[in-house]
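What follows is subunit A paired twice: with subunit B in the first complex and subunit C in the second.
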Partner chain A sequence: MRTRGTTPKSLVGPVLVVLALALLASLTFYASAYTVIFVTSILMYVVLAVSWAMFSGPTGYISLAPAAFFGVGIYTAAVLGLKLPLALVILLAGVGSFCLALLIGALTLRLRGIYFVIFTVGLVELIKNLVLWYEVTFTGTRGRFVIPVDNNTVYYVMLTILVLLLLTAYLIRRSRFGLALQSIGEDEQAAAHVGVNVNPLKTTVFAVSAVFMGAAGAIMATRWSYVDPYIAFNPLFSFMAVLMAIFGGLGRFYGPILGAVIIAYLEETLITRFPYHYMLIFGLVLVATIVYLPGGLVALAPKLRSWTARLRRAHPGG
Partner chain B sequence: MLVTILEVVIAGLLLGGLYALIAMGLSLQYGVARVLNVSHGEFIMLGGMITWTLTTQFGLNPLVALAVCGPLTFVLGYILHGTIFRRLASTAESVGIFEGNSMLASFGIMFIIQNLALVIWGPEIRGYSYLAHPVNLGGALFGANRLLTLSFALVIGLVFYFYLAHTRMGKAIRAAAQDRGAAALMGININYVLAICFALGAAMAGIAGMLISMSYPVNAVMGFEYTTIAIIVVVLGGLGSIPGSFIGGFLLGLVGSVVTYFQPGLALAAYYAIFILLLLVRPTGIMGK
Partner chain C sequence: MHILEGNAVTKHFGGLAAVSDVDFAVDQGEVVGLIGPNGAGKTTLFNLISGALAPESGTIRFQGDRISGLKPHVICRRGLARTFQSVKVFPHLPAHANVQLAALFGRTDRMSVAEANRETVELLEFVGLAGVGAVPAKDLKLPLQKRLEVARALGTKPQMLLLDELMAGLNPTEVAEAMDLVYRIRDRGVTLFLIEHVMKAIMGVCDRIIVLHHGQKIAEGTPQEIATSRTVVEVYLGE
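Then we have the complex of A and B:
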């Protein structure tokens, strides 16, 4: 099976990617305004899940900080949106998240396991409460208005962020840094012993992954038009990113993309009609994935293959 | 001035008793069963909402709800441990992987319980009045219900301490917390002990929820805030140390009361600031080794 036809098979991936990109890039020409908004939301979740998986996938550090970086992006757009052009705002949102992640990474990535996770949970809540306190005490209002941008622009900016993210994630994964990250995940001490510069590497990749979350937050803020600390620093954004990436599977590059597309699609179609039932199902899927399918959807493919192979062996005729 | 200080201190202790109670449950679940149960607050919410239902819809005394909330959350915790966490423990390659997976699973449980509650009770904020008359403590006035909460927290803390220190099961729990493998070799039924610990932690949350509903309004989405407070207290006291959680609860209550006195909006931010500083400077907490 594996020995023959490697050339056509290796072409399948690139062809699919080019096809998907062409479809997405021309979306605004053939799809309705509603579809464009719908796809923008899905792309946002893909950005969050892939950038989460970029760092947490290979290293095994479960970060629940995406909501913090996303929120920094949202607030950058809310504060600077009136004064600066959109491109600059998004760039600054990325830079802001990068700096925050650099600081957090340098301080905390020596914390292991559960300590790191709860630190990131606390961080989101700390920033939320500080911003809330600042707004109520000094500006006198809880929320802010963001200048809206037309839907097609939001869509193309999100698509650009996603393409840049996928390129970055792919290049890191393919480089020796990707290999080094993988070795950190398997055994951090051993990685340090063979010459991996553990802490700077972890911090840098953590910060690079935050850039895209911040940029995505800035452009989404223009669509929501009103934000307050509860919307911007909602821990649900972190949980969603983690669940989507794990549901899809961290073993393969396309795992988090697959997970994000499926769950985001379900969310966008179900949440307006059955909000509580949707979140209930979300919880059930999360528990079931962790208990029964720790490798995610991508781990299902080899299982199915061996299962059908066994069936074929058992019934040679059929 | 003196009355003000007294008022701030007593308010801190009243709040602290509640924090100590919810943190002890979480500490038991993490310290022995190694599950950082993020759905802890949902058991508190269940206790609160069930008590509200029994009090306002069936006209029962809130204290009667104790006989319902305690056993119900205990059984729920026992079942959850037996089905989900035991399986995760048997498939995980290391303690670290188990801790990560069980925490993610408890996030899922959080969503399940919270949204079941939203389906049953809706998002409205509920409250009732019970023992709300003021009691004079050296010039400062406090609600009788809040004093009842404090005495409950103290009694449960003491009973639990004697249970751990002087009973056969308590000894088994302490042994399992110290070294699971060795405890199993000594003939302790580890899965049973871990499930009991998880269930006891859940029951403490359920009882805390009942007490919270006497003094504060409750609703279906209140859980996560209490979860984060419980986690802060547990880290403050030292992850896994039950006496640490007890003391840490009172400490955080005092901090909250003092900060609220000067800047009411900053109490939660102060908790997180302490929490983050603590993780950076002394992640083992005040009683940790």
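Then we have the complex of A and C:
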């Protein structure tokens, strides 16, 4: 939607993206097995945060349903993993989450504000208990084993999901529909009155965002090898996605990515170094960010720019 | 020919008849005013026409087709646009994007982004907002936000425009400018239906005036007839 000339500055972004992708694509050749697993879980959080932000960022509809779509993906892998090839399982997990989100969206996106939030929390609980009831009643067990896949494959599948997600999110954001989603977040009634067909648009983007959450769930399940409804439909996945996206900042495309990478990294290092104080430190970092940077980390960039500009003025020639 | 026509339009809120059995018609190219004391049902009638609300009974027709009960975006794309009494611009979007969105979504003919951009620049200039296209709507002063809302509505290329209190809260100079804007919109061939409290303005710009009171139509006629009508004077000043 915006048009800019090709200046050296505007090339910085694309060059960084290509560099990061090259580093990630060749990761298994130079990194240890531990690093690959670690990066996989960071990528998983990036997928959750970015796909959450794709819908909730512009529209302001705070969905706490990522855990539901993630869990549907996990169970798709648990049920079909033995019978079908991996690529198909992941595809089906995406389709399953898409359909569920379409149904949920059509039913509930008329709800606004806190009612929508509460519904999405309830949804995760509902599906968890439905699955639990089914398992106990019909299969007689609580959990399931998932056929494992080697770490490098898990990593590359997750990376592929992420690249497809970033591409989709970027294209939607730049298109006329990105503008329409923003207008819904600004004033839904006004948007409808200038011709935006709000309900189908919201539902479609909500469902598209669920595809990636479901696919990520399916591939993660193969790494965990055992799942039960409490693991698969853990509301923490919803909270983490929201937290990471807001921590990074919804104002910019790279905000949720930044938030997810930093929090996932912090979580892992804090757990290993300060196993007893990790939650405390983690909490403090989050509280400080919300209090001092309500716009998220991306709000730091303009602040830093004005600081450096002031410094340069104070020390000319320095 | 009537471009807009309502028959026995009725809407209740709880036990209260907000709009009760109202008949109205607006002709192609006319400027029609809708007046009445606070709570008379003027904005409710606009909401019924624009699709924000559906009437319980009665029908509304636009260019001969029934539009009552249709969704707002459908009514908008058919060529009937509106502004809001409490300004509803998209606050954090730049002025340009506010109008561009309308050009992209409010029409039946699909426009390219470049065409929509051209149209947007033209419309911002038309309402006197050239040069502030990059400013977020919330940072504009109220009179400018109202003009932005007009530009946005015009972005959908309407045959008819509903203006809900365009002049409320404006000072005399701004009212004069707003009246001028109303004339210029009419000269583009857009039929206008407007709610207004500023009497001088409404008497000046309207070809015909409809008066609502307690949800019912109590009078209709030329500004001259309305100004001298006993019923209208009683409603406004008390018996």
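A few comments on the model shown:
The criterion applied here is as follows: the second predicted complex is superposed on the first by the 280 of 318 C-alpha atoms of A that agree within 3 Å, B and C clash if a C-alpha of one lies under 4 Å from a C-alpha of the other, contacts with A are read in each partner's own complex, and residues count from 1 in each chain.
Note that contacts are C-beta pairs under 8 Å (C-beta built on N, C-alpha and C of every residue); 3 or more make two chains touch, one makes a residue touch a chain.
Computed from a predicted structure; not experimentally measured.
Residue contacts after overlaying the shared chain place A:Tyr115 against subunit B, while subunit C stays out of touching range.
In the superposition on chain A, A:Val291 makes contact with subunit B only, not with subunit C. Touch criterion met: A:Ala192 reaches subunit C, while subunit B stays clear of it. Once the two complexes are laid over each other on the shared chain, residue contacts for A:Arg176 go to subunit C alone; subunit B is not touched. Of the two partner chains placed by superposition, A:Ile147 touches none, neither subunit B nor subunit C. Shared contact residues on subunit A (touching subunit B in one structure, subunit C in the other): none found. Residues 1, 176, 179-180, 182-183, 186-187, 189-198 of subunit A are the ones touching subunit C in the complex.
Those residues of subunit C whose C-beta lies close enough to touch subunit A in the complex are 50-52, 71-73, 76-77, 81-82, 84, 88-93, 97, 100-102, 104-107, 113, 152-153, 155-156.
The part of subunit B that touches subunit A in the complex is made up of residues 36, 84, 87-88, 91, 96, 99-101, 103-105, 107-112, 114-116, 118-119, 224, 228, 231-232, 235, 239, 263, 265-266, 268-269, 272-273, 275-276, 279-280, 283.
Residue ranges on subunit A touching subunit B, taken from their complex, read 60, 62, 107-108, 111-115, 117-119, 121-123, 125-126, 129-130, 132-133, 136-137, 235, 239, 242-243, 246, 276-277, 279-280, 282-287, 290-291, 294.
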